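For reference, chains read A, B, C and D in written order, and residue numbers begin at 1 within each chain.
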């Protein structure tokens, strides 16, 4: 068994959490460690049922600290590993997300965002962890975060997360809102051969020559697994290329932190995904991600019908932030509209990139998605100004 | 119970005493006019008849008593003859058969304590005999019938010592069906016999005949073998001993298969005791090939891990069965047994204390024990008799006899019993292997008294072994060759000899175990002058200890060869078996009598009782006596300030009566002696047996323990005008009632103070510690006191009378 | 001859990252002894270090992972057991040992410890118990004895300490032992036994911290502390861990628990086969 | 068996014990003294010399007394001492 059960090729009607789980398994995930939390629990439930069918391991840990630690361990043991949680659990994971960054451990963390702060609105969707996914752990680092806007994307982008995580040896986030996660939609799962999966880069030198943290030109070091005879030492301390602690040497610290950030920044071009809709001649551009981008689309259509030249830029990759695209767009539009299900997070990045171009922000809190009419209103005002 | 009824019916009647004076052939009659004594007896109060006859202990003598009891309705009987320690049981039995309670019988010891010690003064002896009879009659008049209490005998035995004697005793008892605990302090049983090569006179291989017995012990379902263990505490009494045994850890469990892998890796070594230091052993070892139990043992004093922490784990690693457990701890086992057999064996004499033989200086001077290991095929030299200096086979050897026996110098006057035959055996062994060897045996006497011994002796002479009478005066070594010059006098040919030999073998004697004192104290045993344990009676109870329920086997009681040890062991087993078969013993009715009226519940008696047989009942404000636990020392009675306690058969009244009888005439010339039954009285008897003469003016009053002697007895004696008083008991530590005689000492010391305060000469009260074997010590004490008696002035007597007046009040 | 060249002759050299010595630990620190006994155990058992992973947490002993020549992970504070769980489950062929301190395993990491023990995940956990947080300068921790002085208990500790062996046994560990740093041979044997046994095994090692804890509590030099161990330690195999509290007068050491119980991995494997059969069956 | 034992056992020569070779890595020693104090045969003592770490490393007093229990090897927190069996030529 295993392979033939990995990809459930065909057309399905399923919810976002389930699609995410299927995406993970299709991507070759063999290890899931988690802790129940609304609205991400269904992912764990699906994994518990499915992983066993593909010779994978599901383990429910005592908390999110442990879950995050466990998937790091599993990853070093050679398994593609993942955990899924929501805001409160995501906070607990930040400690070991930092460890994953420092030790360059490929792993995927799914964060199904809900109303916050604190326990907030367990059953209501939101987009309030966007900044936490960038700055949640201490120190300077870069990670990758993708924001699905449909159940199909819950499937597709989870696979993307694994591929990027394996490519760049970095913890990668699927940053989905509670609505998308609980949405029921049609999902088309292609045949295995049509699904692109990436395996981490392995060392090509014998153990005694191997430096676990010596990068190639792409700034990403090849990664051996425990048990392959490389006798690696892995530490959360600042370390040299051999992996040994070097905690009081400024040069080592500088070079390490620099590389950890640069390996993402330098490869941003390959990482960033966006979708454009009638932007060619647009005067007002809506920039959205996740569930608000769906209301934005009908709002833009409405605007066009009423003669307003509006267009939509949907961010699939939230981190690293698509600065170039936004800046270039800002140069050719009169105004930018940013609807978010929070009190203003990604909009700050947009404003930073947009320079003088006015940015209109539309916050939505409380667990109700934006109505197209609400967004249309803002577009209209922006066009008139 | 018919007897009891009979005696009750007589209670009311007036007291009718019959007195029987025994001639004991000429033993008594030789120096005592028995007829006169009998006539005198008739004049005493309550005496209805007095007779003298040749042997009162004979059947006719006993019949006579029985008939008189019936015919003349005697209700008290006094026999004046030998020591009650010898025949009291005989006559008590006779009385009982005639329906008279045995506690209504009394004895006057006119043999050991009169005729035999005053052989040459018939008049004085006769007078003393009269006094002794008078004392006995006086006490008899006050005797009370008593019922003895029965105590159950636990049907389990303890055998102390796992030499051939202990092994035999244990096997016999176990085969009879009794549970036996065999306690051996060495790691293996086997004892000396296991070290010896061949046995005389049959010359069979010692270990070959011993090993099967050893493994029988190991496998016997009725025997619990406790090796590497020591008896540390014994409480209780005949039939009911509570024993504590300290089981020292072996550090190796029974899982040990004796494969020996551990020994291979053990890095530390020491001389092997079993081979008398001629071979080495490791810290983990087995004493010898045939050891039982076969499990190895670790010598913790030698082991590198003695500091509790494992620094060396070589044996641990080598042991496949993981039988080594360094965390083993000593454990104390508590055993309940009915009988005890003491088979603790003997040590061998250390000749280095005799400088003339240079043992320990000249390598080629060896002991007979070392010889046994050298000639033994399993020994360090593989049975090749070699001499230590150059490992060469000696051409000329000498045996020197009586090393540590029969000599003032060694302080051991006795004959060790086995050395002569052992040497003869050894000389033949040498001849057997190396016939041309020249052998000289230097001796005092050759004692070949046993069965088959003489033949062996003759054989040795035929084989050309030279026997020379006269021990070497010294041995001189030739520095170069390490050969030895033996110089001495041939006392037969009255000429000096100077013999050159390659090796000299010292035929070392046997001596009491260095640690005999411990067993002696634990079991309250006595020892003879040579230090071996003393039997209850040399003729009639040769394997019994004086303490009930305890028996001897093997060299613990005196030097013996293997045959005698085994014989005595079987005898001891039989004696113990009798007790256990019966399942019960009667305890003498000499327990305290308690007067509730007088008791103030002060608890003094509770404090002094060595057996915790008295307890203080707080609520009822009175004491309670546990009769079964009481062994009748009487210390409590002596301690009670309110006369609330007295002792059955040794009541204050009875003892007063004896004192009064002694002091009726010529008190100012007399010594009133209070002697404990076990040491002092036995010592006095021993003086008699040894015909040791001493002045006839001493009158002995027997108590079970000197602890019974109450100050008021002494006061009474002085108040009655006695010249002197002697209180005699066992040595401190030898007391048969654990520590009762410590109170004797305290009381006497207090009394001396009292005398001093009242201006009396303390010398008139003497305290004597004496063992049952020290007849001479007793005799000389009396002689010494006689000297004092003569110096006591009439005024002093009078003062004393006045001072102690009060003591005269009847009780 | 350089130190490294001499060191290379040490019978245990092949298990150590020689270039990283001398280690960071103070004179007389028990952590060095634990490391020594641990690699001795590996050597005695002839363990294939290619399939062996050491995971450690934060604290003095946390550095141990960096000295042993095998795959090793020096994790975040308190998390070694959780991380080790991931490694073991993802690759059951690996043998896992977690070596960490009392604070790491039982304060910040206490939750992970009890749950891993409960799950009976197959790993050997060795705790160097030095009664305080040494690395941060000697603060009190979950095992600090009552009344002891530390930088954060300047007036004496008022918190009751954990009895670690009792805790481990109660949480379900299949093997529980305690030794002091002086019981090197026994400790080595215990480690060997644990490494060969399946399930969650726990060994507590009472370890001298002369420079920090020892100094503040006037315990003398490391040698004095070791002598003290010799004096007051009592070996009691099979002793009830509940009664094995550590006091000034007495340290009960020995093997307290040694039982058999299916491990998480074994149960998981069983389940696999069952389900696979079902799935194959259609 | 309390018999006075004074002779050198006759077979003393026959027992051969492995000879030890004690290695001390002086500059790795931190001077705790465990090896010196706990050696059951008192083979070691503190030396006068001062090593790179400023402590007195142990010194061998009498190598022949060593019985290769290797306690020092195991109890050394710094891997600064170890004992191996001397590979003897006919010499010893």
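Simple rule for what comes next: a residue touches a chain if its C-beta (ideal position, glycine included) is under 8 Å from a C-beta of that chain, and two chains touch if they have at least 3 such contacts.
Since the model is a prediction, treat every value here as computed from it, not as a measurement.
Distance from each chain's C-alpha mean to the overall C-alpha mean is smallest for C. Farthest from chain C, judged by the mean position of CA atoms in each chain, is B. When the interfaces B-C and C-D are ranked by how many C-beta pairs touch across them, C-D comes first. Inter-chain spacing, taken between the CA centroids of chain B and chain C, is 62 Å.
Here the spacing of chain A and chain B, counted between their Cα centres, is 99 Å.
Annotation: 30 Å between the Cα-based centres of chain C and chain D. As a whole-number value, the distance joining the C-alpha centres of chain A and chain C reads 38 Å. Not a single residue position of chain A touches two or more of the other chains.
Annotation for chain B: residues touching 2 or more other chains are 307, 309, 311, 313. The multi-chain contact residues of chain D, meaning those touching 2 or more other chains, are 38, 71. The complete set of chain-chain contacts reads A-C, B-C, B-D, C-D. Within the complex, the chain A residues that touch chain C are 1, 5, 30-31, 33, 52-53, 55, 57, 59, 61-63, 65-67, 69-79, 81, 95-96, 98-99, 225-237, 244-245. Within the complex formed with chain A, the chain C residues making contact are 17, 20, 49-51, 53, 55, 63, 65-66, 69-76, 78-79, 82-91, 93-94, 111-112, 115, 268, 271-272, 275-276, 279-280. Of all residues in chain C, those touching chain B in their complex are 182-183, 185-186, 189, 230, 233, 235-237, 254.
Within the complex formed with chain B, the chain D residues making contact are 1-7, 9-12, 15, 17, 38-41, 67-69, 71. Listing the residues of chain C that touch chain D in their complex gives 3, 6-7, 9-12, 16, 21-23, 25-33, 35-37, 40, 182, 184-185, 188, 222-223, 226-227.
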